[in-house]
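Both of the next two complexes hold chain A, though its partner changes from chain B to chain C.
Now for the complex of A and B:
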């Protein structure tokens, strides 16, 4: 097959490479491509609908005759179900059905687990009935504290096999060995020999802790289920993966996948917790469909905020012992030993930061274990493992830098090998005025100022997980002159429909408002789940191929109209099509389309390039990012304010500067919130979450948000035909780490535990003894 | 939440009598922010909410207004919202503490509904109290679950047998400003010093105030300002908006001939009642304002603290907050 030459790289480091493009693949938009619409800061199409309340979310779907369901949940963290008495609940006015989800003898493993469900005409009747279901339990010993759960004295959480939930789009770390008690090792990441690297080096070792964070999407988990007949089910789901909802329901109810239709017109956030028909800790999707079947009426089941907090997933906590060693500016050894709990679930690893960013270090071991506790299951959450790993490792690195007497940036530059990240560190340092700011924080620190300032920096690592063949896109040129793009992808909130329209507008050189995008429906062609930051890079290349194919057919149609050869048709920017002296407008050519439309369907091939650096030896590109943070600390109260974050990110070729910047803003805000306030608080005596709300579970608001400066450093990877890569997850990885490093700079003492609340800051300042561990 | 009836009665007496006849089933609604929170959580299930906003006539006007009184003081009606109070420009700066306390509570939207009376009478935010499945001392249980549980936000002063902190931000301000409150009861209106409105848990751990069931808080009465009176309020929060303070301080004083006089210091969110600090007052009365003496006073104020296992940090934090309030009240420059 013929080779095609493309220009790849970034900044002034661009080079030509020749690639063998898979059959049917459009020539990639490379460094030389001059694009008119793609890349521009175009507002999302549904912005006005969302801010005016006209966008209808799953929560807003109301069908004629619809019933409301509610789930009875265990108030105990560990128990055996002795009996379930539904008789009182059945007598409540409006109640249509009461079903058991747990049977007599079943084990309850966490407070919040499904036990029974009710369905009624009105939501308040359903809640009342749920309270009237009488469940008798035999209490069992339980453990919710991580540090204790890892000891041999702790009660065993799982007596039977552990159910593993896989989240599509994530390269999971996977189980690495057999469980011992509640502790189960994950596969270690290892290179070289750490003990060798420690010899003769300056060593820093300390323990770092992170908290459980909950996804807390604005729209809670929920579904509306309607049986059209015995074989056909239609659901409206608040999901980030339409097709995993479809497949799960098809499997549970033994239906053909094509007989299950899933709609997600708008989604109020997912962050990793909304894959499949249900939630990580509740079978709410299948419960709703089961109740709908039983009652013969559509059923809506939405979680309330309390349920959302306890049974729909979370980011696991961690206790990480980090050892890092260096000579001069060279890192010689890195070792991370970590435990974390994903409750009854799995996946409490700490990501790839310690292993895969400062790759010049020859000796690295990252060894982590899941520890089971009687709490709601953890699940993928925006860059699973990474923010916790980045926090511990980057702060440890700064502590080592202090011991070595080197500047934190110098240490990072000396050990990172990713050319884009090196460039981001250097450019960012200039833009941030790093040296002057660090000098000022030193002055304030040494003068024991009341208000201190501090700066920190941390790195991000992610891969371009764009998936082949997953998205099948149809493009049609319609007789009315519009171009329609169809694909069943959901919009998790990134603005993907707007981006798809931009691709269409670019290929056809047509006005953006003539491009129709249909999405959010499983009938519109298969697509990817929005996880792993892969949606844009999975779907846009398929859209481009479909558009290019439809355009080719359209040109054939025009050539026929003009009595010319397709190759002779020229396409002007205003839509005039001409050949051999004759011409026709785009609109006229459309009107003459035989039948309704000219249509083409296409997908995207596997990733075929990885410039400038692959991701951990895999065939895909590695995505680079660096964030700089500045904090202000009040030493009288211990209050930390995040003042400024400079976020330098690689996102391949940026498709839309506005929606992409918005992703980075969201990542930084989430990271700031994680760094300073978010925290699931458990009472370990009763095994319950004490803050299952959005009041004492604190999420940073406008007044807590730093000034965010986003710099998108375009990189032409040659990985796919649009050049898109991911940004959602990489943009939240380094924020908490950079803020922690900044607090260290401000105080001269590290706060080795997230969130960095006044309590911990005052302890770091020596004003009080360090508070008891999270454990 | 249980179904309920909203009852609108046009007179103060009718409203009062309606509730006192069956206080188990009926309660007043002012802004409804705290009340509905509790009902949604299943902590309270009244059948009838008696709408205080429906009260008309002279009493209604008094409850809704902010007005100068004949003796030279000011009266703030119980139905005045926190937002109205915070934005009320005519209230002299001598009373700045209460305006600042009102203006920094909760969020703008809550402040537009929350009333002065409801704020002072709201129930505690302790997460053991607010969790419907947990039976704590406040709800008739045997023990304060915060003692052995997670008590990071609980009392460091005056705790026992309950260790809640009083939730009202106006609380420390009204105590520092030496305000009184007017209450409508069976035998008409009566006026008591504000600090007698609040009841420590030693009296009855299930209650935080001294109103009898069915009694209505009518107004907060600020005494005439002393010549040269100044006041200040300060707080520290984990989250800058939509969060309760970790500690607050309100200070009233005059500075005459270079020395502090007429000082009243009250701390909020550190004790089950707004906490008057005589210790701080003793250090400062008659002293010349300075960063050093403020630090000493703050230390004295907290020297009587008895923190629980998880809230020792509130001791230095409350000291810091009080130091700020003292600097602001006396216009003493902050140290660098």
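Now for the complex of A and C:
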């Protein structure tokens, strides 16, 4: 097969490589590609609709005759349903139906589980009716405390086999062995022999804890379901994966997938919790469709904030014992033993930071286990496992650096092998003025100043999970001179339709406003879920292929009009097409299209490159990132303020510098919130969440946000034809870790638990006794 | 300014048992009870509920009339009864400011007001900011600076920020970053738009100055 030469690399480290391009694949935009529209900071195209309140989200869909549903949830963390009395609820004005979701004898495994559902003419009536459903339970022993749940004395959360929930787009760490009690080991990540690496080395060992964080997307989970007839279901879903909603509903109601139509025109955030027709801890999609069928009317079912907090997923907590050893600047051993709870679900691994960033270390073992508790299921959350793993490991690394007497950056540079990350560490250190800042924090620390400052740095690791054959894109050149791109992808908020339009504008050298993008509808061609930071990398290459193919056909049409060969047609930037002295404008050529359009459909082949470095040996590129953080700590009050974060990130070729920067800002802010504020608080005596809201579950506000400086380091991977890679998840991985390292620098004492609240800071300083941990 | 004697949802829950409240609410704005389609027995003059009764107010410059129950919040009346869905429901208890609207020019959490509290008053939602379809400077700056991602906090952000611009209109100078930060302290965003929101508002205030 023919090989194509392309230029890959980053900065001044560019080299030519030969790649074997799959059939029909456009030549990748490489380091030499001069692009006019792709990469530019272009405002998102639906901005005007969003700022004027005209963008209709699932929550905003009001259909004629629509009814409102509400779910009755168990207040108990473990129980058996004894009876459900719906008679009082049925008598409430406006109530159309009350159904049982749990039957007599069914087990309740967490406070918040579905028990019954009601549907009424108005939301107020539905809530009133939900409160009027009387459920009798037989209480059972339960456990919500992680450390206790892992012991043999704890009540068993699951009595039968546990089905692992896999979230589309996320490579799970997988189950590794049999459960013992509530504890179920994950597959360990292992290389070399840790005991060998500990011999004769300086060793640091400590325990690190992270909290449960909830996704807290502003639009709650929800769905509007309408049966068009017995065989056809149309839904509007607040989902980050239109096609998993379609397939799940088709399966549950025994329909052909093509008979289920899913719309997600606008989506109020997801962060990993919105896959499938329902929520991780509630079958709300099925309930809505069932009630719609029963009442013969469209039904809207949106979670309220309390439900959103308890049953729609979360980032599991962790207790990590980290051992790290080194000689000079060489890491000789890394060992992480971790337990965490995803409630009744699975997925409490701690990611790949400890295993796969500092790869020069020859001996590594990362061993983690899920521990079941009677709490709402965890699910993928923006870089599942990674922020918690990065926090524990990077802070441990800084503690070791102190023992070794080396600078944290020096230690990282000596053990990392990713050329982009090494460059980001070095460039970032200069830009951040690392040495001067660290000297200043040392001066304040040694002078026992009340207000201290500190700096930290941490690494990000992610893979380019762009999926082959998943996105099918149609491109049409229309008679009116516009180019239409169709794909059923949803926009989680990253601005993907704008990027797709940029690809179209680039290929056709046409003005952006002549490119129409249709998306957010399962009728528009299959697409990927927005998970694993894979949307842009999966969809843009398919868009480019479809556009290139349509362009080729269009040139054939023009050649025929001009009486020339397609190869002789030249395409000027102003849209004039000429060959052999004759010319025609783009608009004129479009008007002469036979029929309505010239159309091509294409997909994306498998990723065919992994420059500049593979992701864990896989045939895909590893995405690099480094964040530097500066904090200010008041040693009297214990308050930590994130002052400044420098975020250096690689996301392949940047498609849109404006929306990409927005995503990185978002990653940093989410990470700051995780580091300093957020925590699910459980009452372990009654097994319920105490802060299922947004006033005592604290998320980062404008005043808590650091100054954020984003540096996007373009990397030309040659791995797909646009060169796009992901950024959503990589940008939140290192933030909490860098902030924790900065707090350590400020205090000279580590705060080994997230969030780094005033009481924990004061405890680290020895000013107050240590508060109780997750154990 | 807001009428302090008006029923608010919070005050209502704090003051009296909710059973009594559902049975009968006294409206503080007299003179509208005659229009109510209510058939509830034993109502004193000026009392409404629990059935829907007529509510009249000005929404985005237009007089609207709608029949709502006393328990319905302004937020639900806007979204469910009037299909004005630009105003978003996020926490439904006054913690996130996503549902911010202007009532007689003052920003309020519409989830914390009962619909009947706006009887005879003027309500502006995000749909009412643009003048005849022309986006305001602030709205345009939001788009230019990408001050929105998923867009679900955006309506509330815009209402808080346009209230800020309005109340500082006479000043003739640009705003400071701290002023903008203060104005949106209560507006929660999960995508992380704060830096771009601040940039957009500062830019809009410069244009004004």
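FYI, the second predicted complex is superposed on the first by the 774 of 775 C-alpha atoms of A that agree within 3 Å, B and C clash if a C-alpha of one lies under 4 Å from a C-alpha of the other, contacts with A are read in each partner's own complex, and residues count from 1 in each chain.
Keep in mind that, in the parts below, a residue touches a chain if its C-beta (ideal position, glycine included) is under 8 Å from a C-beta of that chain, and two chains touch if they have at least 3 such contacts.
Since this is a predicted model, take the numbers as computed values, not measurements.
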| item | value |
| --- | --- |
| First, second, both or neither for A:575, with chain B first and chain C second | neither |
| First, second, both or neither for A:385, with chain B first and chain C second | neither |
| Which of chain B and chain C A:703 touches, first, second, both or neither | both |
| Touched partner set for A:685, first chain B, second chain C, both or neither | first |
| Between chain B and chain C, more extensive residue contact with chain A | C |
| Chain B versus chain C as contact partner of A:269, first or second or both or neither | second |
| Chain B versus chain C as contact partner of A:730, first or second or both or neither | neither |
| Which of chain B and chain C A:463 touches, first, second, both or neither | neither |
| Which superposed partner A:124 touches (first chain B, second chain C, both, neither) | both |
| Shared contact residues on chain A - chain B and chain C | 124, 695, 701-703 |
| Complex interface listing, chain A residues touching chain C | 43-44, 46-48, 50-57, 59-60, 62, 122-124, 215-220, 266-269, 271, 304-305, 492-495, 658-659, 661-663, 665-670, 693-695, 699, 701-703, 705, 708 |
| Of chain B, residues touching chain A in the complex | 1, 3, 125, 127-128, 130-131, 133-134, 145, 148-150, 152-153, 236-243, 246, 309-313, 315-317, 319-321, 323-324, 334-336 |
| Interface residues, chain C side, partner chain A - complex | 69, 71-72, 76, 79-80, 83-96, 98, 125-127, 129-130, 135, 139, 142-144, 146, 148-155, 158, 180-182, 184-198 |
| Complex contact set, residues of chain A against chain B | 75, 124, 447, 449-450, 634-639, 641, 676-677, 681-683, 685-686, 688, 690-692, 695-696, 698, 700-704, 757-759, 762-763, 767-769, 771-772 |
